[in-house]
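What follows is subunit A paired twice: with subunit B in the first complex and subunit C in the second.
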Partner chain A sequence: MSAYEAIILTIITASTPLLLAAIGELVVERSGVLNLGIEGMMVMGAVTGFAASYVTGSPWLGVLAAVLAGVATSMLFGLLTQTLMTNQVATGLAITLLGLGLSGLIGSGFVGLPGVKLTSVSITGLTDLPYVGRLVFGQDPLVYLSVILTLGVAYILKHTRVGLIIRAVGQNHHSAHALGYRVVTVRYACIAFGGATSGLAGAYLSLVYTPQWIENMTAGRGWIALALVVFSTWLPARLAAGAYLFGGVWILGLYAQGMGIGIPAQLLSSLPYVATILALVIISTNRRLSVINTPASLGQGFVPDR
Partner chain B sequence: MNKLLKAAAGIVLASALSVSAIAADKLKVGFIYIGPPGDHGWTYQHDQGRQAIDAHFGDKVETVFVENVPEGPDAERTITRLARQGAGLIFTTSFGYMDPTMNVAAKFPDVKFEHATGYKRSDNVSTYGARFYEGRYVIGQIAAQMSKSGVAGYIGSFPIPEVVRGINSFLLGAQTVNPDFKLKVVWVNSWFDPGREADAAKVLISQGADIITQHTDSTAAVQVAEEQGVSAFGQASDMAAFAPNALLTSIIDNWADYYIARTQAVLDGSWVSTDTFGGMDANMVEMGPFINMPAAVKARAEATAEAIKTGKLHPFAGPVYKQDGSIAAAAGTTVDMGTLLGMDWYVQGVDDQL
Partner chain C sequence: MQLILEKRSQASSIMNLWSPVLAIFLTIIMGGLIFAMMGKPPLTALYLYFIDPLTSWWSIEEVLVKAGPLVLIGVGLAVCFKANVWNIGAEGQLTVGALMGAMVPVLWGEWQSPLALLAMLCLGALGGALFGLIPAWLKTRFGVNEILTSLMLVYIAQLLLDWVVRGPWKDPQGYNFPKSVAFEGWHLLPMWGDGRMHLGLIVSLIAALVLFWVMRHTLKGFEIKVVGSAPRAGAFAGFSHLKMVWFCFALSGALAGLAGLIEVAGPIGQLQPHISPNYGFTAIIVAFLGRLNPLGVIFAGLLLAVSYIGGEGVQIELGISDKTTQVFQGMLLFFILMCDTLILYRLKWIGRQVNQGSQVNQARKLSEGGAS
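After this line comes the complex of A and B, so read on.
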């Protein structure tokens, strides 16, 4: 494996959990819901995925359990914000706190145990190809899944009726309601999807990235994913580019340090947020951008006026 | 946002504590942790020390702890909370709690404070630290003997004196075997972020390092070493379970004896503000089992550790040269304690700039 392959592989590993968590949140926000609980759903996915794979010995069952845990956590958020009409920001924060605490409790018996790693794909002949073999045919399955999900979301949002409905609900829930769409049901579905991908992102951490369970192992990645969605101006293609950019900047920074080029690590850690602030500035100064892509009903609860 | 959250988490935890904290006459001993006790590293060892107090004193002492307390203003609030709840002795176990500890101590003159790895003291604030760099010297020497590429990778958290001292000591140990030994340093700007620690380890390995060592708190780096077939060292706690083939040894922090002694001092009324900087001689720093290495390397490591323990060998014994070539300690002298405590320069041979 050449040095450049190693760099790209490491970048992909660092970017994939961001991409997975963010693509779900993008759909959630497109439907007009702001779920700040990504970190909580992710960490629940991480602990459940680890626990299930440890108990059963099967990483795939771990992935499945992580998805279910993410969905379950997101449904709690859905119940609170969509049915009981609580404030979305506060509820999202509460879900994050709950997730961090509850995962620590669930995981206390699993700390320090060796994990089951989800093995990378290996196709005879193809994976051994020079230069591109490992990169194209030798990733772990979740990397392919993240790419498929991104392409799928992009296609569905832009080219299908379902996508149109999701966007309509996010743009103006009263109009969507007047047209006969079930705003709350659509939002529940989107929140569940966001929970599923956040759970997947958590599973990626505890089954692929660092196959072990450690409390708080998400270490703020949920917030970076959230920042990514804003950075992408709610566009899947830009989201994918942003995820690899954030991951790439971080890994290349480490490389530069290893080669003796002094880049302050503090600067690197802040880059995703700086980039997001810049994106926000650009969005708010460009009226066309903000009108076209920002879901107008973002963060507002919907009560049908019968 | 993350900081805000952690602060909120701190408040939630602190209020949860106030419910459970009632007992009157017992001495209450409080602990503030930077990470979770389940990190199997730094905080884990402090929590082992706390449990040792429980086991040693039984009903006479009650211990409480707050985990994941961010350094800075949030720490001050959490420490105040513990003091208000009637803790008689509070251990604040990270460097960044220094100023918060001093501020709170000024408001609670009857409460005794113990701050780990800091340098500010007052009548009711003691400091304590361990000479981890003694262990670093031993593992540096092992690294130079075990490395085929002659390059080791060092994952640093923050460039504070404690970490810089460890890096220098590691390289000085390595240079006793191979004067041209190279050390690559990567900073991850966090004490605890398993993903980033793993990234850093991968990066260092791909740049030719075949020995990985870290001054961060999780076990992620040793796991990467295990996966990629290079060697690694455990930090703070014995990490052999995470890398049975890659691990060579671990530097283990042993706080139990100190914590028990200080708790006893408060119970006796003999507590006074002190500055403790214990090393291998006080068993505050211990080496884990030497594994996965030839008998000769093991024997040499044991001899080195013994020499440090008995005081025959000082890791910073001269001649020590700074990175720019100037001399820090001439032959026959050692780098003095003040310089060690405030160390902000690399020794010659480190492939990094501070």
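After this line comes the complex of A and C, so read on.
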């Protein structure tokens, strides 16, 4: 395996959790809901994924458990914001704080234990192809899943009736309601989808990226995913590009540290966060670009007139 | 039969007071359940958690020491949230405030004067305010969402502190521990009691009282409330939302920075990689539990301080992970938000007939063109 292959492989590994979490949030925000709780759902996914795979020995059961944990956490958010009409920003923060606490409590017995790694795909013949073999045919299954999900979301949002309904609900929930669509139900479904992908992203961290449980192991990735959604101006293709770009920045910092350049490690570690701020500034400077796709009802609760 | 939320004709001021009480009650019940699930005696654990910290003078002092920064940061955030400005990066502003203030003992340690401490306090507040103004500037100049930027800056500030105490500001005589020089006596806040209570507590109390007065009796307070609850009306009255963003970030940043400096010049006494057990984030809960009212924040800060000390208590007595503190805090915010629904809505059982009636009502409203 050549050096460039190794670098691209690590970039993909660093990008995939961002892409997974962000693609779910993109759908959530398209339906007009702002879920700031990604970090919390992700870390819950990471700890349950690790725990379930450690107990059962099966990484796939871990992935399943992580998805369920993500959905369960997101449904708490749904219950509060959609049924009880709480403030979405504050509720998202509550989910994050609760998730970080609960995951620490659940995971306190798992710290330092060896994890079960989700193995990469290996197809005889294809995976050994020079240059592209490992990159195309030798990734772990969740990488493929993240690509499929991104393509699927792009297609569904743009070309199907379901996508049209989601966008309608996000653009103008009163009109969508008047047309007979169940605004709250659609939003619950989107929130659940976002929870599922956030759970997956968490599982990716604790089963693939570093197969062990480390407290707060999401390290702000949930927030970066949120920024990515804004950066992508709610377009899946741009989201994927952004996710790989950020994965690149993340790895760049790690590589530079490994090579021992005379730059403080902390400065390099802060690169993803600095890059996030820069990306947000760049995208926000172009008002037209950011306004044109912003779901008009983003962050507003829907109360039907009774 | 179906349970629905019916909008109240006006916000219930009774529920506004009862909602936090209800939320605390629900948190305690859920907490008991969690302890029971972990196989620990729930009543003993809850007693250790919430009552035991208040039974000895020593632990009451500890509670007050923890409540100080929570109240100081919490009142700033309460003003922010009231104005609908979302500063969630107080933890970062706290860190930078501590760093700026620590310049005096670290760089000019020889300067022995009562003014040194004053300079530290001013620099701490200034550092927090300047760091808080970064998201404010990005918001007003480029329209960048302040939630994301203020949060990203927390990570950056913590890495900066980490670098400083492991690199340039590391104590040369510190056996290579990641710590700055220990502050000298004239750099430390006056202390009393068993040597833990310090001047910072009075600063917190004064800040809360002053902000209570500002919010209640001044034009600025009125402006904050109007811009937050009715930005359009505020604009007609000549209140600028953008200026409000600057004001809120400067104020809450300064208070958070001051809290950070007070921590390092008080209980800690030097710079180290970790100077705060997430005070900046917990203060968000404090602000909400305190009804975004500076007086309420004092009580909320005390309660959350109890949860810190109680968490340590159950860890020692029952061997439960101290993560329970964070779980309790998260649950508390969760239940407050849930119970706050009852301020604007009331729960109502409705039968089928009423439901049909309401549908007719709704159809009529729509045919009238729907004002919205």
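To be clear about the criterion, the second predicted complex is superposed on the first by the 265 of 306 C-alpha atoms of A that agree within 3 Å, B and C clash if a C-alpha of one lies under 4 Å from a C-alpha of the other, contacts with A are read in each partner's own complex, and residues count from 1 in each chain.
Keep this in mind: contacts are C-beta pairs under 8 Å (C-beta built on N, C-alpha and C of every residue); 3 or more make two chains touch, one makes a residue touch a chain.
Predicted model, so just to flag it, every value in this text is computed and none were measured.
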Subunit B versus subunit C as contact partner of A:285, first or second or both or neither: second
Partner chain(s) touched by A:274 [first = subunit B, second = subunit C, both, neither]: second
Partner chain in contact with A:104 - subunit B first, subunit C second, else both or neither: both
Subunit B versus subunit C as contact partner of A:180, first or second or both or neither: neither
Partner chain in contact with A:220 - subunit B first, subunit C second, else both or neither: both
Which of subunit B and subunit C A:266 touches, first, second, both or neither: both
Touched partner set for A:87, first subunit B, second subunit C, both or neither: second
Contacts of A:304 with subunit B and subunit C, given as first, second, both or neither: second
Touching both subunit C and subunit B, counted on subunit A across the two superposed complexes: 93, 97, 100-101, 104, 108, 219-220, 223, 265-266, 269
Residues on subunit B engaged by subunit A in the complex (per definition of touch): 1-2, 5, 8-9, 12, 35-36, 38-40, 68, 153, 184-190, 192-196, 198-200, 202-204, 206-207, 218-220, 223-224, 241-242, 351-353
Touch list for subunit A against partner subunit C, complex: 36, 76, 80, 83-87, 89-91, 93-95, 97-102, 104-105, 108, 174, 178, 219-220, 223-224, 226-227, 230, 264-267, 269-270, 273-274, 276-277, 280-281, 284-285, 287, 290, 303-306
Contact set on subunit A toward subunit B in their complex: 3, 6-7, 10, 13-14, 17, 39, 93, 96-97, 100-101, 104, 107-108, 111-112, 114, 205, 209-212, 214-217, 219-221, 223, 250-251, 254-255, 257-260, 262, 265-266, 268-269
Residue ranges of subunit C in contact with subunit A within the complex: 4-7, 86, 88, 138, 142-145, 147-149, 151-153, 155-156, 159-160, 162-163, 166-167, 281, 284-285, 288, 321, 323-331, 333-334, 337-338, 340-341, 344-345, 358, 361-362, 365-366, 370, 372
